[in-house]
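By written order: A, B, C, D, E and F. Residues from 1 in each chain.
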Amino acid sequence: MRPSRRAPDEMRAVSFERGVLRHAEGSCLVKFGETHVLVAATLEERLPPWLKGQGRGWVTAEYGMLPRATHERTRREVTAGKPSGRTMEIQRLIGRSLRTIVDLEKLGERQITVDCDVIQADGGTRTAAITGAWIALHDCLSWMKARSLLSTIPLRDHVAAVSCGIIDGEPRLDLDYAEDSDAGTDCNFVMTGGGGFVELQGTAEKAPFTEEEFNAMLGLARKGIGRLVDLQKMAVA
Amino acid sequence: MRPSRRAPDEMRAVSFERGVLRHAEGSCLVKFGETHVLVAATLEERLPPWLKGQGRGWVTAEYGMLPRATHERTRREVTAGKPSGRTMEIQRLIGRSLRTIVDLEKLGERQITVDCDVIQADGGTRTAAITGAWIALHDCLSWMKARSLLSTIPLRDHVAAVSCGIIDGEPRLDLDYAEDSDAGTDCNFVMTGGGGFVELQGTAEKAPFTEEEFNAMLGLARKGIGRLVDLQKMAVA
Amino acid sequence: MRPSRRAPDEMRAVSFERGVLRHAEGSCLVKFGETHVLVAATLEERLPPWLKGQGRGWVTAEYGMLPRATHERTRREVTAGKPSGRTMEIQRLIGRSLRTIVDLEKLGERQITVDCDVIQADGGTRTAAITGAWIALHDCLSWMKARSLLSTIPLRDHVAAVSCGIIDGEPRLDLDYAEDSDAGTDCNFVMTGGGGFVELQGTAEKAPFTEEEFNAMLGLARKGIGRLVDLQKMAVA
Amino acid sequence: MRPSRRAPDEMRAVSFERGVLRHAEGSCLVKFGETHVLVAATLEERLPPWLKGQGRGWVTAEYGMLPRATHERTRREVTAGKPSGRTMEIQRLIGRSLRTIVDLEKLGERQITVDCDVIQADGGTRTAAITGAWIALHDCLSWMKARSLLSTIPLRDHVAAVSCGIIDGEPRLDLDYAEDSDAGTDCNFVMTGGGGFVELQGTAEKAPFTEEEFNAMLGLARKGIGRLVDLQKMAVA
Amino acid sequence: MRPSRRAPDEMRAVSFERGVLRHAEGSCLVKFGETHVLVAATLEERLPPWLKGQGRGWVTAEYGMLPRATHERTRREVTAGKPSGRTMEIQRLIGRSLRTIVDLEKLGERQITVDCDVIQADGGTRTAAITGAWIALHDCLSWMKARSLLSTIPLRDHVAAVSCGIIDGEPRLDLDYAEDSDAGTDCNFVMTGGGGFVELQGTAEKAPFTEEEFNAMLGLARKGIGRLVDLQKMAVA
Amino acid sequence: MRPSRRAPDEMRAVSFERGVLRHAEGSCLVKFGETHVLVAATLEERLPPWLKGQGRGWVTAEYGMLPRATHERTRREVTAGKPSGRTMEIQRLIGRSLRTIVDLEKLGERQITVDCDVIQADGGTRTAAITGAWIALHDCLSWMKARSLLSTIPLRDHVAAVSCGIIDGEPRLDLDYAEDSDAGTDCNFVMTGGGGFVELQGTAEKAPFTEEEFNAMLGLARKGIGRLVDLQKMAVA
């Protein structure tokens, strides 16, 4: 039995609250159970220097966690003077995931920065962030279209993410914190609405895992991603 | 006419949502109109080194702002590698304000850290933070009392804060961002339920201000603080 | 009896030594008793980027303390890699105080940086710094006028600062270190020659203070500021 | 045709030069073609604070790149004041990969730090680093056994890594820099001698990739890892 | 003719003002012409960790420069977040120079930190700092002896420093800023009262220099150091 | 007897391996016995801002040490966030030494950065770095001449460096780590092929040294430098 009494292939309750930030061009409070991430998409009419003059735009992401999002209070990264390796790894992942489904040429010479700030953490903050970021990005692009900055919304597809793990030999979908700490193997899948792979990250925490285990997790992930993409569609309909 | 159509002595709509963070010992989402601050109080059974062995505790505060709390996106402070002067000034103010009304001896050799993170900014983030911090601190102390870590709640009084300003010669209570940018003078008042001064900060932005102007602002502040303390009482009743 | 045997409304011996730095456009060694601050005003024909092209200038301040200005040696801030919150708070205060009495339009598109370095500290370093900074700034502007960079000295008024406190129930003027450590309440007043308020900063260190106490401190401050402005006038006469 | 004229399933020339550093307990210069990584394993009789007293050891890794390892000179990370996100991501990956195959209980309360410094880069620096790190770690453990610090070498298996990619629709093994820049998809596989997965990292650079493409890359990776493990065995025989 | 109209073998006016800092155990304002350095010696009853328990003490130095010590204002090092290479080079030099003439065993397990802060710079700040540091260190040790912390003053000798250069082919003693900028060769000599070498630093700014030139500079330095040591003796007599 | 069984005036085995880095315009692995430094010279068609438009180029150096170049592992400087004082001192020395023998006008408005990374340390890393840097710089300039970026190689002379010390009263040439730790006096000599002084750095580690001792070291240094310059000539012949 999972700590949350879910079936092995059952996701946590997922919700998207759009437009939660008055100032942002797109925003979304995404919840995967008790994991809550506030996502804000900001349009800026400027580009990183290395990208100027190439006729295309950029989408980047930053990730943060409020100090008391976690069971124990976590020190602010500004106190250490630099983002942790974990933070940098996650924000690079979010940025790459979003860029795969945006048509950067159609976006034009502009940058969209997607800030993902974890308000409350209970496992799967990066997968919730990516899934919610699609909503905020979509809404930012809609905002631009409504103001005739774009003629169409330059999104090629949906993108969503979910984690899977092997716990006591059982493959499980969408791990929460209690399971994540126990998992022998932890895989994050970032996939498109069309079922393509955007990012795969599998990590053996204790012992190596097998191809069979990987395939079982992949099967669960396909199911979870399908559900997340359906929810995204409903949210923006 | 104020941009918000409020009377000169009228505060914005104020609300406190308690217990919004699952992991924190005390938490509160405080809203002063469109200014929203998430406050989390964390109990830690440790003390800063310079305070050890003196038989009393400590209350400290940290302040942050999400990048897109503001009209234009603000760069994360971790990117600059250090908190700004403004951030340090505000978090020192919040910490001092709270310590004035806590009986640190009765708290015992423990530290409570109060994190104030601005989710959305529309002027008066420091005053909203202090006012909401009292709630989160109160709830953290109640949590401790419920677990018999304390026999009574070691709060001597309420503490709340409000800003006042002179705009076009008119003294006004609880400035929002539009007014704050225009104000020739800006005063922050931190006061107790009993009407004592905890902190006064008055700044002439353009021209010096007079004693009469100060007294007019003080009169407004007394009224606003009275209202805030009433709301705090209702919130924790 | 005050540790320094002064009357409650008596300032420490105050002196200004002008022109102490050969290279600076204006400089002043200001002493409030055993508190000694070296102030240097530097003219630079450049502006911070956000101010360019607006037809007005800027005055900013930086504050530092030599390691052995204090009873115990204080670690250099460069060793910590960043200025402390206290340093940033003070240098922001000095800069705002000076800008209130300078006509920035008449200054033209130039920046004056006022460096205040504490050579020896015995309480009231920020008030001594502001008071001496007016002299250094005045002399820098005179230097500019003498070289026909300005047709008049664009100072609207004097600005000076003094601290007051309540110690054992007694309001006192111009606290030294021994008193500052003991004070239940500590107020810094920055005022113009004309008696206007530039900055007020009142802090209850232990218990809240009353309006009567504030007014008593304000009365002392008016007296002290009056004396400081007279001394400034004599110094530059 | 690949730029290096290799067959799609052909690795670059791989070599290990052991004992290249006089002072290190284990060291190895690993070459994957023109990618050269110097690996040093250091035994330290101390542990990170959070691991003390648990009866087991730790293996960690650090990764660096000489400024002129690259086509264009790369700025030293110390100049920026902090490691890049890429560096942190890679060194975390190397550390996790090694820990999966070490019996940390048998290692005892000691830490081995594995430094991987890229002398020359031509794609695949992280895979070369992991593969060479196994040799340096093995030799460090042998050094300990020879000094009776260990009774057996606490390695459960080999670990090696290789990258695969899809270029112009063709799955290829062990990408060099020219191919890496062109690849639509880039997967890094870290696997044990027994064929278990330690880490999987797949990234769609431009368009999503399919399960078939992933499986083709996995097949190539199995072949490459098998070859690398054989070479490791020969090297330490 | 030298810009200062001095003879080639003539030092600038040198003076030592002792006891200028109320809080420091030893202090000295040293002037080499228009170069003014404030030196403070601080006794601390602690040691750097690597020196504990060896029965001997430590003398270290830190060096700083006020922003407007220079012709053009120099940015504070704390703003850059770290000391410059020049600062570190100089403070290491001062520390080594002092340690050579102190009997660290007799000092006991204590540290003396000598802070050298340049108030005004006109060339030769490091040589003035070393020469004045001897006075401050001497006075700190006398302070200790007066309080019976030491039975004798553990100084083996005097130490003083002077720069020499070759300008237009002419060897000159004690370069000021105008000469320093022009010098083809610049040598700093740190020597004891007994004529021993403590530190030699010779730098060819433009073209290499010859052994004859070096010997000419050495002859001047011997003369200058002799004079400085005489002045030190008079100062502490 | 020296630990290495060398005669007092005998250098360690010195070798230069040219062209070891595929991407660099000039490179050299220089060995002074067990001290191994990898030097890379990088041509960049840009200049530091303060040098632009003056019709001449710049040569600068950076110095680093791999963590396990040393007996005990040394922490990476990036971990501390800044280069150590020692690193900055050494890289400034290398840069100055090279600039003395390059005709910067003939180089044109370009910068050559010479990276010296210590692969293995056994004393004398700075002297080996300078001596090898001449080779890498020469080869970078030859590379430029071969591509008609220069009509002649703008080197005025050779430059090489060696350390000498006094150990147990005996002057010795080219100290290794064991001797360096023991030396009472340590001098680094940087000289040209023509016998001119470029840099002299003499440090009394324990007691002051005499002019006779200095001259004895200088005699050894002349011999060592002569040998190094001969080896440089053979290497590039």
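Note that in this section a residue touches a chain if its C-beta (ideal position, glycine included) is under 8 Å from a C-beta of that chain, and two chains touch if they have at least 3 such contacts.
Keep in mind that this is a model prediction, so the values were computed, not measured.
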item: Shortest chain-hopping distance from chain B out to chain E; value: 2
item: For chain A and chain E, chains touching each; value: none
item: Superposing rotation of chain D relative to chain E, computed on C-alpha atoms, to nearest 5°; value: 120
item: Of all other chains, the one whose Cα centre sits farthest from chain D; value: C
item: Chain pair among A-D, D-F or A-B whose interface repeats that of B-C, sharing over half of the contact pairs by residue number; value: A-D
item: Chain centre separation in whole Å, for chain F relative to chain B (CA means); value: 59
item: Interchain centroid distance [CA atoms averaged], chain A/chain C, Å; value: 51
item: Averaged-CA centre spacing for the pair chain E and chain C, given as whole angstrom; value: 33
item: Contacts with two or more other chains, residues of chain D listed in rising order; value: 81-83
item: Category of the chain touch graph - line, ring, star, complete, other; value: ring
item: Cyclic ordering of chains (reference chain D, direction chain F); value: D, F, E, C, B, A
item: Residue numbers on chain A that touch chain D, as the complex places them; value: 81-85, 88-89, 91-92, 96, 100, 157, 187, 191-192, 194-204, 206-211, 214, 218
item: Footprint of chain A on chain B - complex, ascending; value: 21-24, 27, 34, 38, 40, 42, 44, 62, 64, 66-71, 73, 76-78, 81-83, 113, 115, 117, 119-120, 122
